[in-house]
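So, here come the structures, one by one.
Each of the next two complexes has subunit A plus one more chain, namely subunit B in the first and subunit C in the second.
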Partner chain A sequence: MADYRELWKSLDMDLEKHDKLCEVLPEFYEDVYLSQKNRPEGMNYYNFVISEVHGLRIKELDDHKQNGGKVLGTFCVFVPDEIIFSADAIGVGLCGGSDFWVPDGEKVLPRNICPLIKASVGAKISGTCPYFQSADMLVGETTCDGKKKAWEILNDYTPIHVMDLPQMKRENDKKHWKDEIKLFMDKVEELTGNKITEERLNNAIKLINRKRRVLQRLYNTRKADKLPISGKDALLITQIAFYDDLERFIQKTEELCDELERRIEKGVGVFPENTPRILVTGTPMAIPNWKIHHLIETSGGSVVCEETCTGTRYFENTVKENNKTLDEQIDALTDRYLNINCACFTPNEGRIDDIIRLYKEYNADGVIYNTLSFCHTYSVEYKKVKEALDKEGIPVMMIESDYSLQDSGQIKTRLEAFFEMLKERKSAYAK
Partner chain B sequence: MYTIGIDTGSVATKGVLFNGNIIKKVIIPTGWSPKNASKQVYTLLLEDNNVDKNKVKKVVGTGYGRVSMVFADKTVTEITCHAKGAYFINNNIRTILDIGGQDSKVISLDEYGNVREFFMNDKCAAGTGRFLQVMANLLEGDVNDLDKLAEGTAPKQISSMCTVFAESEIVSLLANGASKESIAAGIIQSIANRAVTLLSKTSIKGDIAFTGGVAKSNILKKYIESKIKKNIYTPNDTQIIGALGAAVIGWNMIDK
Partner chain C sequence: MADYRELWKSLDMDLEKHDKLCEVLPEFYEDVYLSQKNRPEGMNYYNFVISEVHGLRIKELDDHKQNGGKVLGTFCVFVPDEIIFSADAIGVGLCGGSDFWVPDGEKVLPRNICPLIKASVGAKISGTCPYFQSADMLVGETTCDGKKKAWEILNDYTPIHVMDLPQMKRENDKKHWKDEIKLFMDKVEELTGNKITEERLNNAIKLINRKRRVLQRLYNTRKADKLPISGKDALLITQIAFYDDLERFIQKTEELCDELERRIEKGVGVFPENTPRILVTGTPMAIPNWKIHHLIETSGGSVVCEETCTGTRYFENTVKENNKTLDEQIDALTDRYLNINCACFTPNEGRIDDIIRLYKEYNADGVIYNTLSFCHTYSVEYKKVKEALDKEGIPVMMIESDYSLQDSGQIKTRLEAFFEMLKERKSAYAK
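Now for the complex of A and B:
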């Protein structure tokens, strides 16, 4: 890695603390990722992106800023990237997936809220996340009470615009969300000094749709009998999609998909035969949170799909293209984004339909319902989901956990027992 | 032809020598080295019965120490093993409540003895053998004597489930003059409450088996029975069910 210390210093980072973070990441990545067998060649690009996660990409953002561009930091799949990119700004998904930041978060937040919020706030106030440091503005949303109140704290460090996401999906909620998108447009125009025109927005819609399509193409390869790619690798790619350069990401992921499709033709898989296929559903996994995937795939299972914000919720459904007016474009954005089935909505039956559909599409054997500690919406919603899955005869197990590794032994035992159960079921059906 | 099942738990290591029936069982403290304890159980089972190790066709390991059992042919989780072991002893069992040294679990079985679903308390040692042990120490008694102490006494309400908080709660109860006996009964009752909550997560069909070291407490069994209004079956030896299940799994693996 090139020397980025001057750049980091210019971003007002805590270099000493940041060094500590840089020390642990490579070893962690090696244990979790590089130790995997028979990885696709195309994963080298993402290895490179991770090795430069606080380097090259930050330099690119800095260059963009030197040329008068703006950088917006976001936290959630409800924030329409199309608006950001149509004003020639860059949107990056922000850090919040490491235990490293939790103690700093706890300096200003209560202990009993979710680790994602604690880590995000900790990343900012400790000055160890160069993405936070590069952001000219943060964009929050009202998807949960913890985040809603955390924005007030973050606002002391970086200006934040909060989008008020409705929590129901009635006609007037749609109108409200459309208004929120318009307000966001005004804000982005004011920040960047760039007018969002029909043509620009149309181009941005097409660009982001291309990213969604390539991710869908990637996920389609995971429907194959012999998995050409591990769940961990697929998760990593989705996580990287949140902050990488769009054109380059799309190109590299298309290349990887070419390779994966060739693997499928040749019948090359990364797991032994009869490895239980798991659909993971639940809360987002911000980089570098690979805990549940790693535990699943080192306990005799494989992840075939994620019904999460760092999975299908991020890229399923495209925005309608070639609208005639700006107003029609905003309608198309409203429709696409309000169609995401997050547990912050009541009721949220669409999510149950999604889980059952994905279970079948990806030919899964069981579902792991993963929720971060203290995430009320997802942990309460488990009951409804389990009832529906029981009715369908779909095995499901709930795992509630934070970023620390103290419970990994117990989780591994539960996962192994779950996989033993799935295998027994399968062989019973075969008879 | 024999198989051996070894269940290395946090407190005790259990072993069963099996030839379609239980030939011999062994229980020793795990101590600081789960690896040595499992090896020792293996050796004891062979030596005490004069069995040539070539006649042992499969060794199956389970329990948290299974990862260190390098000599095992296969390792299986304690959940699957408890299901197989309890079903072997009584094939009417459809629900298992297992309370061990460090965890407690409820396993639901189908009519063939396969695991249908299971629930574990995986957060801490609340309501487990470890909890009982700490509380018994506080009363300056042995954990095996808690039953005797509690016999025939109305339980004092202990509301904390956490081992640390329950300890301080008991200290205040003692300071306020509560009797040792009523506290002992209260401790057992608090474990019963926790077990009933765990049981309520699954729909109870068929017979219930209570296994694990903590199942040795008769009073605990009675408390749980009165709360769920159903009789509970306890095997003669509650501690060896996991090891037995492991031996049964090994037995099913060999061509006979």
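Now for the complex of A and C:
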């Protein structure tokens, strides 16, 4: 990676600290990912992306900027990428998923807020994340208290535009969200100097829908009896979707899906038979946060689906295409994005319906409700979800955890007991 | 208080558990309040209110209901009481301030959310708060993640109407908040069967402005060199303002202010000379949460002002009176309420200006930044406030605490050191 040192330097990075980060990742990735048996060939592309995570993609962003393009950093699936790409800008997801950044985040934030926020802010203020360093503007939103207030701190480092997401989903709120999308459009046009035309927005809608469809195709392969791909690998792919080059990502993921579908035909799976199938629901898992998936899949379980922002919430609904006017396009965006069932809404019954539906669609045996520590919205919402799942006879286990590995042993013990119970339950039904 | 048992029973209260709550309060009140020296005579009224906290006022609410009136329970200074009272309903603040309710709250909520929310929900589900039991409808708002999601749980017990407070203060947000006030008006009209007319709303605006003005008058007496009233007593009065009969409260508080102004003329104070004067800023202190004020005033300090929701944010701005149309009245309400500087907004620079202004107006020596445990908005906002106060040379200390008394010793030690520093600083300036 030595080739990129000049580039990193030009991005005003802390090279010494960054070296330390670079030392940790490869071994960690090897332990979590490369140790898996019978991985699909197509995962080589994502291995490559990770090996170049601070290299090739940063170079591409830099080339784009050298050509007068802009880079926008986002933190939430509610921010409409279509607006960004239609102004010839590039959007990259910036949520921090590494424990490495937490101590720097804690220099400016209270310790008792969620690790994702601490890591995101820490990534910026430590000067060790080249994506943050490449961003001309950040885009925040009002999805939770911690993030909402952290924007004020990030704004000291990079200009940030905040979108006020309504907290409910009534007719008025739709209008309100439409207004926010328009304000965002104005801001992006101002930043890039590019006019967002009907044609450009139409193309961006189609392009990003293609990304959603390939992820849908990928997730569909996980409905198979014999899982052709591990949950960990699927999670990695979704995480990479947040910042990779769109066309390349779509192409490589289509190729992977070809392979996975062949595997299904041939009955090739990556887990032993009778491995409990788990639907994970809850808070996002930002790269490289693979903790819960890794624990599940090394404790006798397999993850078949994620009802999270780094899962189905990211790609489940597409934006209506072929709209006639810009206003219709914005309506289509408003509808699609306000359809996401995040715990930041009150009430949020739609998420319960989603969990039950996905549990059935993916033929899951149990649900793991995962929340990052101190995430109020998801942790309070657990009660309603639990009640609904109990009513449906769906087993569920709650795990609240941060990025440190200190509680791994304890979580593993709980997971093993949960999986044992799921297996007994399954064999009891089978009789 | 035996007279009220039938009334409590009719409110479906848990009498046995309620007895336990009633056993605790008098001794606690005596320790915190009645032990103070040289209290104003006028405080006898508030002593009486507390002695009848679950009695007389509940009887008044019951009489109101027997006459066909409605009672609405609120949790936030953003909910416009004017709307409630103009429909001949009574609004009562329901925020829970007692540790007694926390264990019941933790039955349905995560432990790591703020004690105010846990106590409020616990007060309801334990059936030991007659105010909750008297409420025909609750009014929630989207000011923080914990409360926003707790409404969904409370809704299982009492119908709740939620107002979506915008998280920013741009022109669009004003429109949005105006729409919310109108929706709330519709809801209150529907519940009460009473039409909110221009005249009624005008009267309610004037009445509630009178309450605000008497609280302003009370707080003005705290600007005097010799404090005529303790911070604890002033806090109690503001807390009582949230649920007492308006006319009686105003009259009794005017009487108290007469006495306090006489004290100022005569130079009568309740604290020794050179007692450090403290501005408390941060999260609300719901009755009977007197913890921080009590600790401050038994550790060598005095509280001269509260920049909190149970302080200046509750009464500082009045609503413009004598509007010509209902629409103008709603505009006036929109403006007044959206002017409150709560940490739920991003950005929230206005609060910093308020703190600095109040520090000067009340001739304070230092600031105590108090947040309830796990309150993300106020705890993250501390950084910006601290930076601004440092710049102004204003000493500030942060205390994060819940309702338990376990950390009292530790807080006392910190307070004593802080007050020593303030005294030294003052005498150094005096030289």
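One rule holds in what follows: the second predicted complex is superposed on the first by the 428 of 431 C-alpha atoms of A that agree within 3 Å, B and C clash if a C-alpha of one lies under 4 Å from a C-alpha of the other, contacts with A are read in each partner's own complex, and residues count from 1 in each chain.
We take it that a residue touches a chain if its C-beta (ideal position, glycine included) is under 8 Å from a C-beta of that chain, and two chains touch if they have at least 3 such contacts.
All figures in this text were calculated on a predicted structure; none of them were measured in a lab.
Superposition model on subunit A: subunit B and subunit C are shown accommodated side by side without a clash. Touch criterion not met for A:L116: it reaches neither subunit B nor subunit C. Touch criterion not met for A:V385: it reaches neither subunit B nor subunit C.
Contacts of A:P395 after superposition on the shared chain: subunit B is touched, whereas subunit C is not.
In the overlay built on the shared chain, the residue A:D179 is in contact with subunit C alone; subunit B does not reach it.
Between the C-alpha centres of subunit B and subunit C, as viewed from that of subunit A after superposition on chain A, lies an angle of 70 degrees, to the nearest 10. Touched residues of subunit A were counted for both subunit B and subunit C, and C has more of them. Touch criterion met: A:H376 reaches subunit C, while subunit B stays clear of it. Residue contacts after overlaying the shared chain place A:E424 against subunit B, while subunit C stays out of touching range.
Shared-chain residue A:Q410: touches subunit B; no touch with subunit C.
Closest approach of subunit B to subunit C, taken over C-alpha atoms in the A-based superposition, is 7 Å. Of all residues in subunit C, those touching subunit A in their complex are 108-110, 112-113, 142, 144-146, 148-153, 155, 162, 164, 166-168, 172-173, 176, 179, 183, 343-344, 346-348, 373-374, 376-377, 379-384, 400. Residues 395, 397, 407, 409-411, 413-414, 416-417, 420-421, 424-425, 428 of subunit A touch subunit B in their complex.
Against subunit A, the residues of subunit B that register as touching in their complex are 64, 76-80, 103, 112, 114-118, 120, 122-123.
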